[in-house]
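Input: one structure, supplied below.
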Amino acid sequence: MTEALAIEPRPAILEVDDLYTYIATGDGVVRAVDGVSFELREGEILGLVGESGSGKSVTCRTIAGLMPSPPAQSVGEVRYAGYPGRNLLGLRAAEQQRLRGAHISMIFQDPMSALNPVMRVGDQIEEAVGAHARLGSGERRKRAIELLDRVGIPAPARRLRGYPHEFSGGMRQRVLIAAAIASSPRILLADEPTTALDVIIQDQILSLLLELQRDSGMSMILVSHDLGVIAEMCDRIAVMYGGQIVELADARTLLTAPRHPYTISLLRSLPDAERKTRYLESIPGTPPRLVDVQPGCRFVTRCPLATPECAVWETELLAAAGGSQLVRCRRHDDARRPEAWPKQSYESE
Amino acid sequence: MGRYSFLGNRILQMIPVLIGITVITFFLLRLIPGDPARQILGQHYTPQSGAELRRALGLDRPLWDQYGLFMKHLFQGSLGDSINYQQPTTTVISQRLPATLFLVVYSAVMAAVIAVPVGVCSALRKGGIFDQVARVWFLVAYAMPAFWLGIIMILIFAVHLHLFPVNGYGTGFTGHLRYLFLPAMTIAVAFSTVLVRTLRASTLAVLATDYVDTARIKGISRFAVLRRHVVRNAIISLVVVFGVNLAFLVSTTVLIENVFGIPGLGRLLVDSVSTRDYTVVQGTTLVFAFFVVMVNLLTDVVHAALDPRVSAA
Amino acid sequence: MSAINPSVALLGLLERRVRRRNNAFRRRASLLVGGGLLLAVIVVTLAAPLITSYDPDAIDPLHPLAAPLSPGHVFGTDSFGRDILARMLYGGRVDLLIAFGATAVTLVVGTTIGLFSGYVGGWIDSTIMRIVDLFFAFPFFVLVIAIVAMLGPSVFNMFLAIWMTSWISYARITRGHTLSAKRQEYVLAAKALGYRGRRIMLRHILPNVLSFVVIFAMVDAVGNVLLGAALGFLGLGAKPPSPEWGVMISDGQSYIFTAWWLSTIPGIAIVIVGVGFSLLGDGLADILRIGD
């Protein structure tokens, strides 16, 4: 986590403007991404945090152009500094092919299912290497070995010939990362890269990602439902709920002075070794089904600060703290005052 | 390679199956109502030849002994004698076997050639025009009697268009290819109905995987994604479904041989019914069953070759 | 306010699409069409004497090979001058009998064996399944021909042959579902309540397994119709002068250039019956899965 600079923020390398992704399913139209806007600044790590179903994965996949097109459709603008004046949502197939790998890359949650099980690992890396560079097969192989070495896989030359099921979970994720950075992308979308791994390996992978990011200066969007992971890695954090961004601020501000009741509840539900509470807090209720969405704030059924006006308020991101923090809550000032919160019956203090 | 180590086990498992096949085939002859010797010899029956046959088949001995005799003959490479051809059954069968083998392989290849593009394209544009038309076509094709389709094929392509010969086997490899084109096509149409359904389903499953997304996001061409990931993985299911439905392929081949007058085992089987050549009927049934079991083993080998996860499980 | 917000427009578009696809009629289409076709065929063949006054076996040497739509013969006549329509209607009875008769018996026998085998488990189950696997090694058609060959070609022996061999598919399906049903809670509950084995099998497991069995039976029925027609074609089941459709196709084979309708019409009829069963099966599969 970098220190907050007192100077202007770095230029944006990716701008997401009013993005909507709707998916037609048997039960109705799912509004998976419902009006999301943010920017990714050059060299930063932006965290996208939220429960499952909040739209964080779909947002990334929409940016990458990986949402299957008949059921899912998107409107909005995604602007990338490397393609000035173009909307990434409207790219033709050839342009999209040039963009992927060399400019924008992505790694996925479950490394076992993200690697082709019947193809050798070396071939899968070489495929990434050869996608944007005219190299002979010997050079491709050399580059693949370099990449495997870079991501910390021992004996890379031998392991090239292995199949994914012969690798451990952490190793597989390293392989995926190697393939993702093969063409030196400027933006990396990491969709829950550590969720499927155990805690110790998680740490290693996160360190690796941080190291790679520092060395190359690439910008990253890190998606997770784990606030701990996000807190460790990110410069700025966007909290998502019900297909929308409900809070967006730099990491320090969000973690120490959150303004959205959902963010506050999320932080409270983290187990804290210092605060001795007998019970773990959780947020009562379940996230909304994004079909037939009611107007008004989507958190209203689970929000301790909800009022009848909240249920009809047409939500928008409001600026707070001098404009550097955005909150989708009309009671965000109250949220900052502990007295405004209803007393929890089981608090031991 | 360790990958094929499971084969030893599979071959061991095959042995009781092969033995069981001999048991069932053995009992076939026992189904004959009345005096088997009289039935088998038919017009050649005399009290003397009848008694000889009864002794040769061990019909006067207990069932277990009869089976033993049957197996003894089998290990010596004999399946009895054909009454109709006055030759050992094995000779008659081995003369017809090549044509059937050729036809089965020819049809299987054709069926795959039809099924793979249709199945993959249907899945790629799921719900689209191609998919819907294909579904209707396969619905109708499945209900179509193969022998009827064969007759129509002859009518259109052999008679009216003079593109292919009406029946027979031809000589030489290219001759066979030409003569067997229509019959193989007929079988392939029927067999592909089974294959396409599976191929479509497995392609859909593959398209939904993360590794296809990983491949796409590398920036390789759409065609490369299709070839190296989608089709490559979906085809594995083809091998499996082929093995399961092999009996269907063989059955259809038997039928079509009779429509097109191909001198194969299927034709032999049906002809032998009307000539009451019981030993030949029994012999061909045995050979067919053995063939299915062997080919199933082969598909297991191919499956292991295509999918390294098979033995690791 | 200018044009519609594009997200609202998209929402509307997708919602219309979802509504169209969920149309209740569309969902039931297969079931209705399939059931309708079969019903039509059944009614028409049963009502044969009401529809045509011709005797399917009546020879008319004065009007052989009449084309369809000739006066008095909607489907024409064959080489013996027999009316094709009459032969189609009466022959249909045989084919439908095969479809239902062969399938019904194998269904009952196979399901019972499979249910029993799966429920009792142990060496009985293993033995039965070994036998089933063994039969599966034989190409079905070949085995049926062989059995018919031994017993002597006739319609009844054809039924016998099918009954002897076709039950294995039902046994395998039922046993598989019985095995997984056994582990379900409702069976454990029934056992805890002290219900006897037979009651559990019939009242609890069977209804759940039945939907899969019935759907498979539709596919099997198509197979049996094709099988019966194939044997008729080869002269190993129904034989001339029977008006069974397979026999008719065989009869018409030699006149294929001059009187194409002799073989074509029975073929089309078989396809109609087959499509009917397939659609019915698809429709049932849709409904039963939705109901689950």
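First chain written, first letter: the chains are A, B and C, and each begins at residue 1.
FYI, contacts are C-beta pairs under 8 Å (C-beta built on N, C-alpha and C of every residue); 3 or more make two chains touch, one makes a residue touch a chain.
Bear in mind the structure is a predicted one, so any value in this text is a computation, not a measurement.
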| item | value |
| --- | --- |
| Remotest chain, subunit C as reference, centres from CA atoms | A |
| Comparison of A-C and A-B (more C-beta pairs in contact) | A-B |
| Intercentroid distance (Cα basis), subunit C paired with subunit B, Å | 23 |
| Whole-Å gap separating subunit A and subunit C, where each centre is the average of the chain's CA atoms | 53 |
| Subunit A - residues contacting subunit C, complex | 18, 20, 22-26, 28-29, 31, 34-35, 73, 75-76 |
| Subunit A residues within the subunit B interface of the complex | 61, 64, 66, 68, 70, 93, 97-102, 104-106, 108-110, 113-119, 124, 127-128, 130-132, 163, 165-166, 176, 179-180, 182-183 |
| Subunit C to subunit A touching residues, read off their complex | 6-7, 9-11, 13-15, 17-18, 21-22 |
| For the subunit C and subunit B complex, residues of the former touching the latter | 130-131, 133-143, 145-153, 222, 226, 229-230, 233-236, 246, 249, 253, 256-257, 260, 263-264, 266-267, 270-275, 277-279 |
| Interface residues, subunit B side, partner subunit C - complex | 16-17, 20-21, 24, 28-29, 31-33, 139-140, 142-148, 151-152, 154-155, 159, 246-248, 250-252, 254-255, 258, 269-270, 272-274, 276, 278, 281-282, 284-285, 288-289, 292-293 |
